[in-house]
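Next up is a structure, given as structure tokens.
Letters A, B and C name the chains as they come in the text, with residue numbers starting at 1 for each one.
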Amino acid sequence: MSVKNILFLVLLLFIPVSLAAQFLKWGELIVFITAALAILPLAAWMGTATEEIAVVVGPTLGGLLNATFGNATELIIAIIALKAGLVDVVKASITGSIIGNLLLVMGLSMFLGGLRYKEQTFQPIVARVNASSMNLAVIAILLPTAMNVTSVGISQQTVENFSLAVAIVLIVVYALTLLFSMKTHAYLYEVGLVESEEISHTKPNIWLWAGVLLACTLLVALESEMLVDSLEVATSQLGLTALFTGVILVPIVGNAAEHATAVTVAMKDKMDLSVSVAVGSSMQIALFVAPVLVIAGRVFGQPMDLNFNPFELVAVTVSVLIANSISSDGKSNWLEGTLLLAAYTVLGFAFYFHPVIDGMG
Amino acid sequence: MSVKNILFLVLLLFIPVSLAAQFLKWGELIVFITAALAILPLAAWMGTATEEIAVVVGPTLGGLLNATFGNATELIIAIIALKAGLVDVVKASITGSIIGNLLLVMGLSMFLGGLRYKEQTFQPIVARVNASSMNLAVIAILLPTAMNVTSVGISQQTVENFSLAVAIVLIVVYALTLLFSMKTHAYLYEVGLVESEEISHTKPNIWLWAGVLLACTLLVALESEMLVDSLEVATSQLGLTALFTGVILVPIVGNAAEHATAVTVAMKDKMDLSVSVAVGSSMQIALFVAPVLVIAGRVFGQPMDLNFNPFELVAVTVSVLIANSISSDGKSNWLEGTLLLAAYTVLGFAFYFHPVIDGMG
Amino acid sequence: MSVKNILFLVLLLFIPVSLAAQFLKWGELIVFITAALAILPLAAWMGTATEEIAVVVGPTLGGLLNATFGNATELIIAIIALKAGLVDVVKASITGSIIGNLLLVMGLSMFLGGLRYKEQTFQPIVARVNASSMNLAVIAILLPTAMNVTSVGISQQTVENFSLAVAIVLIVVYALTLLFSMKTHAYLYEVGLVESEEISHTKPNIWLWAGVLLACTLLVALESEMLVDSLEVATSQLGLTALFTGVILVPIVGNAAEHATAVTVAMKDKMDLSVSVAVGSSMQIALFVAPVLVIAGRVFGQPMDLNFNPFELVAVTVSVLIANSISSDGKSNWLEGTLLLAAYTVLGFAFYFHPVIDGMG
């Protein structure tokens, strides 16, 4: 049994522990931490189940399934937080996921990969296509903030209407991106999928995996409920603001599966896939998760718009620029990984020092 | 007779119709629309006439002629609007032309070209040289706005003086760019000029074409006068602000000829020329049209400066970043076109939703 | 005796002249100008002495010596100005040095080199590595400003704490950059060091050069003291603000040695080295000089933070974008040099026109 599997089993123990913490009232801080740890193996299994089912149903439907369930954990946490009225945390977790994927995930991949290999290369072709989609999507979700910052006396209604319009355009673009990557230009994306060694060689039992997917989804939801309910008390006990929690803590839990994949494959010198996961995940947050949350906010009657804290706008812009600057040459080494991690650290300090303002925390 | 020529003849009919609308007082809205439509074939003929004369007078003088008359329609509309005191519309049309060329024109070219050809390529060399000049020029014309936004209590006089200084530097740079592209490094620009099939094979009659150019220029001026006079009433009847009119509507009329050229050649797989037209036109707006208008404003006693609405600064910056991101690899496909068009759509929504502020509209 | 040596000897005469001006009380303006001129040959000799010693002590220790003493003149002027309480001038000189290296030095190199050679090329590899480090560092030192601009009611204490955190992260990154360039990936940096023709062929006398280095360092300090003491009166006599002085004048004196080197080697068609000096120098300012000054400010009890004038943020961002746009293709010509110089000119105007605000000047 590999180290990875042992770690998984240990993390699975946090499911009953978190339930015990909740019902025996061990305090919000313990519930928060154990629920966060319990989500990690569930998210990983959801990923595996999705891939196994994708093998059976074929590339097109499988790709669609991957694209939709790839961010399932984040979406579940965000929707539960949105229902609970933690709109600021949800918004912060969107920008935090983008920053985390571009700086923390890509940085850790390049750093750890770079310690093993002097120089790693990746096809810039896919990075380019994804990067352009990602750049557009990120810029689009930041425009309502930019409009609010540069105008005086803009009404909340206008910001919400504009956010909805942006959300609809982005979902259309997302659909077209899937069409592009799965139909018209699929050949560009054949960059070595997750290796067969990690997937069972026999034809997977689709009903078994569908059951796993369903069970994990329910458990993630359940644990997310506990995570969200305990969030405010727990983080204020730790002296953290809602902004810091949303931008730094929540995305680490929600994106843990992508983090693990990207770093693992980077250490096997498959930088194509590693960069693809980090950039692609950022792209999906901006093109799919954020628009869905705006529309969900309308449905739930929670005023979810895309009007972020102005410093989040700065942080995301900076992350995109640095990530573009480092990934555009199709090469990486440990120093480039360090630079991304340093940028993440500095932004982390910024959000930690950032004063609490109206409605945040 | 080709479809294109029939369309031209139909559009020419709007010249008498617009005159009738003006003198028979059919209302500002009809004058506005018919004058706008009447300008389109005139602008196209001005382009053809300029090219025919350029063939006769040789590459150097011809290039200079093209560079000067390439934006003649826009310049005429802008100068008439400036004289009429519509300074905000003129300023908005400058940023709108840049945004429109980079996103709408390039986007439509890459999208329609991409529907026919799986992947289109273009030499990034010229794109690079032009992109750098364009980047510089665009940044320079935005600096007065940036200075105004980042300072407290800056005087109108300072903004105007700084705008004039910027304008003078840019006109010098424009002259040097012409020297570079026509004299010292002309070989870099041999990217397939407009095809001979579109130009008559016999030596053109220079006096005929000079007459056409003169007649068209006079008619464009005349129609522009009607367009500008009816603009305020017509657009307020449509419920549009001066900002939206200037950024979205006016540039579509003023740049129609470039739009048609860029899209037509893209569909013939001449992406070199198509990208060159879109980027080059943006560059000329920033390096030549904007500075000329600042100086003309001084001459007319209209306080024309380069202090744009702060959201225009955001929109132009965003357009330049996206266009650079998409054009830098020298390749295009339908998805990249779609991304540019999506960016244009989102910005269009932003300007539509943008609240009316001091003096705008 | 070469023209260069004669110029040096003439400039050396300003050492006694400046001392005379100081003690015979010829007025602050004359002291300011003569002290500035006297620093130039001293800075050049410090550079030569450092390189000669580096030859003897070997590449690793020599590289470290170069990295530390490369910005010695700037550091000495800045520390003396900081002690004298001219915090705003010191901060402005940091951004001014970055802008000056990227636009003025690189621009002059590409322009003058481009007049001799139609097209010059340089390995973008090193430019890439350095550019990424530089981009990160520059963004990091601007984050406290961005945080201040985008927040309401942020305390001075928070800004200072965040600035210190940024400074510490940057110094760690600087150390790692040295490790990368001198140990793990040294082979990437073998881009033709300063030619042996310029360094004596016999083994240099280390004690002689150590003495020269010590003497020059002391004299630079001495002259810097006079420069700083006369700065406020002299510049206000010239009608200049502290912002303009700090951003434009001080960096020209402090970076004169780098300017001379970069331009000289560009004219010998060694663009690799020229670009390397300009980008590397900017990188060192942001990664090393700025953090050291923040920490020195703490030690001296001067509230030195990284909260710049918001327009400085704009100016540095703009410079970095233009420099990246122009240097990323590994080619240069006279027009690209002109574009960089035009950008510098426009920013110079901006700082000249920029109104004096709280505490500045």
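For this structure, a couple of remarks:
The working rule: a residue touches a chain if its C-beta (ideal position, glycine included) is under 8 Å from a C-beta of that chain, and two chains touch if they have at least 3 such contacts.
What you are looking at is a predicted structure, and each value in this text was computed from that prediction instead of being measured.
The chains in contact with chain B as well as with chain C are A.
At the interface between chain A and chain B, under half of the residue numbers involved are used by both copies, so each side presents largely different positions. A rotation of 120 degrees, rounded to the nearest 5, superposes the Cα atoms of chain A on chain C.
Centre-to-centre separation between chain A and chain B, using Cα means, comes to 40 Å.
Touching of two or more other chains is recorded for no residue of chain B. Those residues of chain A whose C-beta lies close enough to touch chain B in the complex are 124, 128-129, 131-133, 135-136, 139-140, 143, 146-147, 150-155, 158, 161-162, 165-166, 169-170, 172-173, 176-177, 180, 184-185, 324. Interface of chain C with chain B (complex): residues 118, 149, 309-311, 313-314, 318, 321-322, 325-326, 329, 333-336, 338-339, 342-343, 345-347, 349-350, 353-355, 357.
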